[in-house]
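Mind having a look at this structure? Questions to follow.
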């Protein structure tokens, strides 16, 4: 958790040319792809409305859908574990591993796993976690956190991957082909193929939990999630409680906006529905099936002004379109969830005291809300966090003082005009006859990077009154 | 108090807002039982149109598609293998429909059955259905079509009967309910849209990640 | 003939402080379009700095001040998508929990428009007659674009001017990085965002940058100036009103346009 160091993190990110180059790609690839996908489906905007309404309905009836889901899973021979905290969820995973004397666990991409810091915990307990999503695999080798919720290694260059593979795959011939992304991908595929086949436990996340059928669903492109959950004896699903949908039809409504918003695909390559363990006739599939339902602060968001955040389906569109994310990347945000959704969620789950910069580091440009498939009013929720900070006196005292003074004046138009006319004259003086100001008290941060244009002489109202027009 | 009680009572306190619980329960039960369909994006009704849409979308997702009569399926399989210089050997499930097409009968193809253990160049499955809206195949687990065949082969060939091809996911859900019963599912249900892929290295899209490098669909006209 | 609509001009604090000529350009455009325009003197700021700082109490006080001063007009028009967005979209939110003001705020908000959209959509202006000569590029300010849907209106009005040609910049809908106090609190990030923006502006080869919000314009003008660019930066109202004789934003007094 390094969200309290956002400014420093951002500074470092801005000074990292390799990261800046990677972010250039984010700016272009995701934005264009999502726009084309939205344009190619005439009902896309209506589907967004439906997706929003489905999630709202679920949140209002979350207790009942969760109970139904549990009943269905149990009836199919699966196991449901409820975890109020991250520690509870970690322990539940460990207990399952212990029961099966597991030494290795392959893992599909799961943000919940990142949230509960499962990998470190498993390692401490003698179980080797193996990330199998290519991006997650790369950052696991590098001992880094993901910088994007659907493209975890988006900040890393091909050259860096090559170096990592040389270092970690030292048993492979020195002169093997490594010159392009394809050869690196095939190398990882080969290495991970063996891991899939020998793992004791497979751990995946879930994009949906379907109450109607007691089904967990993963949406992926690589096929690693499927190999993770099909080959080992035990499949463990990590899911947060808000992933529930009432029925298959509701899931389809949301699927139609999910991939289109995320990568611009109409459907991701693999959408896999899992319902319990291997059946009598089955020749493959896990013998045990466990779902761990994680709360970890989410139920405390229900019924508050932040409830709408729980509609989030983790597509990443908000960060893909965020000018601040584009500038600093995901690591600057300091925790698992970056970008606008993270700036709302992180304070909700970890406390605003530790992440006070996040809601403020937004220009409120509104592009995140414009593209959110479930229409979460992200700027409004960020503003709510600013209100909490203001109430709790968490915002810097200099800022509060300036705001006080300004508000005092702004409520008194005559006094305000006097003050602004003094400010205007001062600024004109500081310009020394040029069109802009190179030095100005209180505006150092502005002037460091740009000129301050000089005001025209005389305020609007003074000129207007001189013309005898004032009303 | 158990963890589930703790979580559920927190949720209940936050969301019920004085609504009587019977009413809430009824709403939830009805939504699950009636599973009302939302927006279905396409209006196609004609079988040929649906097939055309499926082919267009599947090809856009980088799958290859062949269409043939039921007597010609094996020849289409061999044609795909020849095109890509693949051995004339494959692994498939026990699906009786595959036997009906005579696959492996003439010894032009060496066939193995059962689960894949990761060394198969070519695997063959029979689809449960397909959704034309996105060129997506629907496959169900079971001894007829083990799930490992969908993911462990380097090349995956899937046979889809034109009569099983539907327009939307909602149509497939109804077909599933007809076969498995209300609220019931096979252990694994796979939607597959094109071959596996990744863009995790330098945002460069590469086909063929952990799953098959190629996906070939043979549509059998009914 | 229908009676002239009476418009209250919400000048905005930045126009009052930095660039009154934008206010007079708006005044001229509204009068040319057939409106009777009044400017209440009891106006300062829409309250957005307080609103975006989480200070609801001061926001509500300032909103009351604005509503009282303007609710008698047929329309309220501001030469800023950001301030108009505050008045139109956020005032009802400010008073959501306040039954005594909620309705009054909603009625007020229904009458609020940003200048170019008011001219186009309400007054049905399709041509402006000013003889400004400009080879310009237009930046869509975020609040106007996304809160009020303003994109086509200013472009149409500019395109109706015989002397004006417009070249679209790449990512014209991407934020310039201003964001009010954001530009000072997170000045390095803001600088990175505005640098991308000015690069896109310069790549068009246009000699003038036009936008509808003074905050964004000050930011982009300040950056362009720092980069040594001589691209003229102006508010869309100045161009539409043909009032481009005064120095451009951030330009010194002795480099007047020679058009």
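Points to keep in mind about this one:
Chains here go by letter, A, B and C, matching the order in which they are written, and residues are numbered from 1 within each.
Operating definition for what follows: a residue touches a chain if its C-beta (ideal position, glycine included) is under 8 Å from a C-beta of that chain, and two chains touch if they have at least 3 such contacts.
Keep in mind that this is a model prediction, so the values were computed, not measured.
By the document's definition of touch, subunit A and subunit B have no common neighbour.
Comparing the CA-atom centres of all chains against that of subunit C, the greatest distance is found for B. Subunit A and subunit B have Cα centroids lying 29 Å from one another.
Chain centres here are Cα averages; for subunit B and subunit C they lie 53 Å apart. Separation between the centroids of subunit A and subunit C, computed from CA atoms only, is 33 Å. Residues of subunit C touching subunit A in their complex: 11, 13, 15-21, 23-24, 38-45, 47, 49-56, 58, 61-62, 65, 93, 142-143, 146-147, 171, 173-175, 177-194, 196, 218-219, 221-223, 225-226, 246-253, 255. Interface of subunit A with subunit C (complex): residues 7, 10-11, 14, 27, 323-324, 326-328, 360-367, 369-370, 380, 383, 385-391, 395, 399, 403, 406-407, 409-411, 413, 416, 420, 423-424, 433-436, 443, 445-446, 448-456, 458-461, 463-465, 469-471.
Chain contact summary for the complex, subunit B toward subunit A: residues 2-4, 6-8, 10-15, 17, 24-25, 27-28, 31-32, 35-39, 41, 57, 60-61, 93, 114-115, 117-118, 133-136, 141-143, 146-148, 150-152, 168-170, 173, 176, 183-204, 206, 208-212.
Taken in their complex, subunit A has these residues touching subunit B: 22, 25-26, 29, 41-43, 46-47, 50, 54, 57, 59-68, 70, 72, 81-84, 88, 132-135, 138, 151-154, 157-158, 161, 181-182, 184-186, 189, 192-193, 196-197, 211-213, 215, 221-224, 226-227, 230-231, 241, 246-250, 252-253, 255-256, 263, 265-279, 281-285, 293, 295, 299-300, 302-304.
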